[in-house]
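You will see chain A twice below: alongside chain B first, and alongside chain C after that.
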Partner chain A sequence: MKIVVEQVSKKYKDKVAIDNLSFEIEGPAIVGFLGHNGAGKTTLLNIFASLISATSGKVLINGEEVFDNTNAMKQICFIAETDNFFNQLTISQLFKSNQLFYENWDQEYASQLLNRFKLNEKLKIKNLSKGMTSALGIIMGLACRTPIVIFDEPYIGLDAASRSLFYDLLLEEYTENPRLFIMSTHLIDEVADLFNEVIILQEGKLLLKDSYMNIQQKLFKVKGKKQDVESFINGKKVIHHSSFLNEVHALVKLNNQEAAQLKTHSVLSFEPIKLQELMILLSKQYREEI
Partner chain B sequence: MSLIHEGEKPIFQQIRETIEDAILDGTLQAEDRIPSINEFAKQYQINPATANKGVNELVEKAVIYKKRGVGMYVSAEAKQILIQERKERFEQSFLLPLVHEANRLGITVEELQMMLGRVSK
Partner chain C sequence: MKKMSAMLLYLFYQLRYETVLFWSINALFMFSFTIISLIYPDKINFTIMPSGPIYVLVIVVGTKWITRSLSYLLRLGVSRKLYALGSLLFTLLYTFVHCLIILLFYGIFKFLSITDFDSLDFLHPSQFIFSDLSTMLTFTFTPSPWQIFITDFIIINCIMLISMLISILFHRLGKLGGYSILAGILFLFTLSLTFGWLSKLFEIIMNTNIVLNLIYLLVFIIALATTYYFSTKKISIYCTLK
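The block that comes next holds the complex of A and B.
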């Protein structure tokens, strides 16, 4: 389960949506795919799923170029934010067509999931509420059993209880049938602990790609009196720096050695940074640099 | 066991400390089986790799040992190892901040000793 992105760009008339991106994603993993609106997330995910073509560069799925390649497409289940299904179908009709396309579609599991989300298979898709439609997308992504599943903002209209059910099911499925799940979301801190890899895009470029473990172990918010903070961060990589009254806050990225030496400190406080705040600070730093 | 998700520590560290605390207060005894990585992941809605990191740090310290294909168990020396480790950290983690705050408030060592006598009754 490997996606290789090689110098991919996507240009629209007057806008560069994806700007010469190169990176690799390897599964099994749950990957958080983050960025502000307009960062290029959906565009890139659409290219992964072969729904649109890149202007230049290529995307390889397990070594095969994805565009116009049915074999590669069958390895990916892409659930978009909306408009995933033909409106006129009933849920059971949709499941029948899924069975034809996805070789490993698990009908029994899909029926169980319908029960969990309290959906009736006789319902027509056009009559479903927003939340129900999102639930149906989630069910499809889990039951398709493809090596790669992409959820692009999967939960419009889903309430907190249903989202929590989704996280439980996703973990269960990931443990029992390990594969590559890629998820874009704006509810970052709610799902952050599910990730083992994080990718952040900004203006079509890669702002960050790292393991969640690394982020938790190496990025810290340091708080304390000015002179104490300054002497600690001296020589270290500082991503963000601010002060209020006599207190200075600094976001530092420690290297392996510095992280290993980090102990409780009597005059400084250390906190791991939340993913959402990290994204905001990185993007601020990015904008200041250009 | 419940974790404060908004906590000031990385989640893997919270998992590790939850197990440590359970061993220290006797909830988990020597040779007790601890939940599997997947059970931890599910319970706290976290990636299994994150749960694994927390548990593995305890395996490295010989607080927990693995029986292949069976599960993970609390070692006979677990409590002793943890007490020793926490004692070593006690000064740094508890006393220094205490003295720091006391200094800031102008509390003398004598006053501190009196307070300590009062609260430990």
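The block that comes next holds the complex of A and C.
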């Protein structure tokens, strides 16, 4: 399972939603697709799922261009924030048609998931609450068993308990049937530990693409007195820097040796950066650079 | 093939409820008129056209077609080519079912008219298409079942395809673009009325053999279907001009 993005741009009239992006995603993995509102996440995910075309560039799925390509499209299940299902259908009718749409649709698993989320298959989709509709989208994404599943903000209206259930199920499903799950979310810290890889977009550009482990092992928030911090960060890659009274906070990217050095530092305090904070700081840095 | 069946099943589920509801209301109205006519045969005389409301229904279904099906089906992995072909196939099947139901109603009413029941008149476009000028104006021509079927099949298909094309027009060009083009078409129509082009066309149709006219209509339907097929190429789930 490999998605290759080659110099993809998408323009809406004068607005550039995606700006000459190039990167690769390889599965099986759970990939976090992060960014502020309007960063271009949904646009890019829509291009992945062939729902819209790119203005220029191409997206390849396992070597085949995805746009309107039946072979590539059948490898993807796309669950959007809303409007995933026609609301006149009952859940059982939806599942019946899904058996035909998805080659590997697991009906038994879908029924089990319905029980876990306490949904009745006789219910009409139009009568479901927002949270129940989101749960149905999640069930569809997990039971479709396509090699690539895209969740674009899948849990609107879903309570904390159901979100936690979703994370457990996602992990369970990923372990039993390893696939490529791409998840766009704003509840970053809640889900960060699930990610193998993280992609952060900002104004249509790629801000960061790295494994979650690397981020945790290489990016540190260093705190201490101004002179101590300044002397430590000197010559290192500083992503963000701020000071309050005499205390200085710096986000630095370190190699293994530097990280070990920091861990034994007697004066400075440090902690690995949280993903949400990293995204905010990277965005700030990006804006300042512009 | 599996995806095509899935798409047809999905569209069937999608439209089943409103089609059943529509036919129930339509049948209720027609039978109410029939019963009233039976009770008061000398006082009330009704003229009903069972297929008339269907034409309105297919305009509604057709103009909402893209909004109600495109994004759902593309998300389910249906390619644009399959979407276009599936939509056209579904239109044929949908029209076929409506035509059968219309025919059933005409059958029931014809049975009633055999029993000396004449306070209810039926109007059908086939009375104009298949009759000559003398019987057309006096409404004395009684169309055969196949004439009713074929007329409705062609008319409903034409209306449905034109409505589907309008839905693509609005989807691609947005409200402003869609209404502008419709206004342009309306302007051309007004011009053709003013300069008498339409009456000339009507004259030509009247003087042409019925079978030939039907062939022209079929060609027109094929042209509409082809336009629909090509207009869904590279279509996005969002308005193109957004």
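Assume the second predicted complex is superposed on the first by the 285 of 290 C-alpha atoms of A that agree within 3 Å, B and C clash if a C-alpha of one lies under 4 Å from a C-alpha of the other, contacts with A are read in each partner's own complex, and residues count from 1 in each chain.
By definition in this document, a contact is a pair of C-beta atoms (placed from the backbone, for glycine too) under 8 Å apart; a residue touches a chain by one contact, two chains touch by 3 or more.
Nothing here was measured: the structure is a model prediction, and the numbers come from that model.
S.K.: Of the two partners chain B and chain C, indicate the one touching more residues belonging to chain A.
M.R.: Comparing touch counts on chain A for chain B and chain C gives C.
S.K.: Based on the superposed arrangement, let me know which partner A:D168 touches: chain B (first), chain C (second), both, or neither?
M.R.: first
S.K.: Looking at the overlay, does A:M213 come into contact with chain B only (first), chain C only (second), both, or neither?
M.R.: First partner only, chain B.
S.K.: What is the contact status of A:F23 with respect to chain B (first) and chain C (second): first, second, both, or neither?
M.R.: After superposition on chain A, A:F23 lies in contact with neither partner.
S.K.: Please indicate which partner A:N196 is in contact with in the superposed arrangement: first for chain B, second for chain C, both, or neither.
M.R.: Only chain B; A:N196 stays clear of chain C.
S.K.: Where does A:P272 make contact in the superposed view: on chain B (first), on chain C (second), on both, or on neither?
M.R.: first
S.K.: Can you check the complex and tell me which residues of chain A touch chain B?
M.R.: Against chain B, chain A makes touches at 30, 164, 167-168, 171-172, 174-175, 193-196, 212-213, 216-217, 263-264, 266-267, 269-272.
S.K.: List the residues on chain A that touch chain C in their complex, please.
M.R.: Touch list, chain A to chain C: 12-13, 46, 49-53, 68-70, 73-74, 76-78, 80, 83-86, 88-89, 93, 96-98, 100-103, 146.
S.K.: Over in the complex, which chain B residues touch chain A? Could you list them?
M.R.: 5, 8-12, 38, 41-42, 44-50, 53, 89, 92-93, 96-97, 100
S.K.: Taking the complex as given, what residues does chain C use to touch chain A?
M.R.: Going by the criterion above, the answer is residues 2-3, 5-6, 9-10, 13-14, 16-18, 68-69, 71-72, 74-82, 234, 236-238, 241-242.
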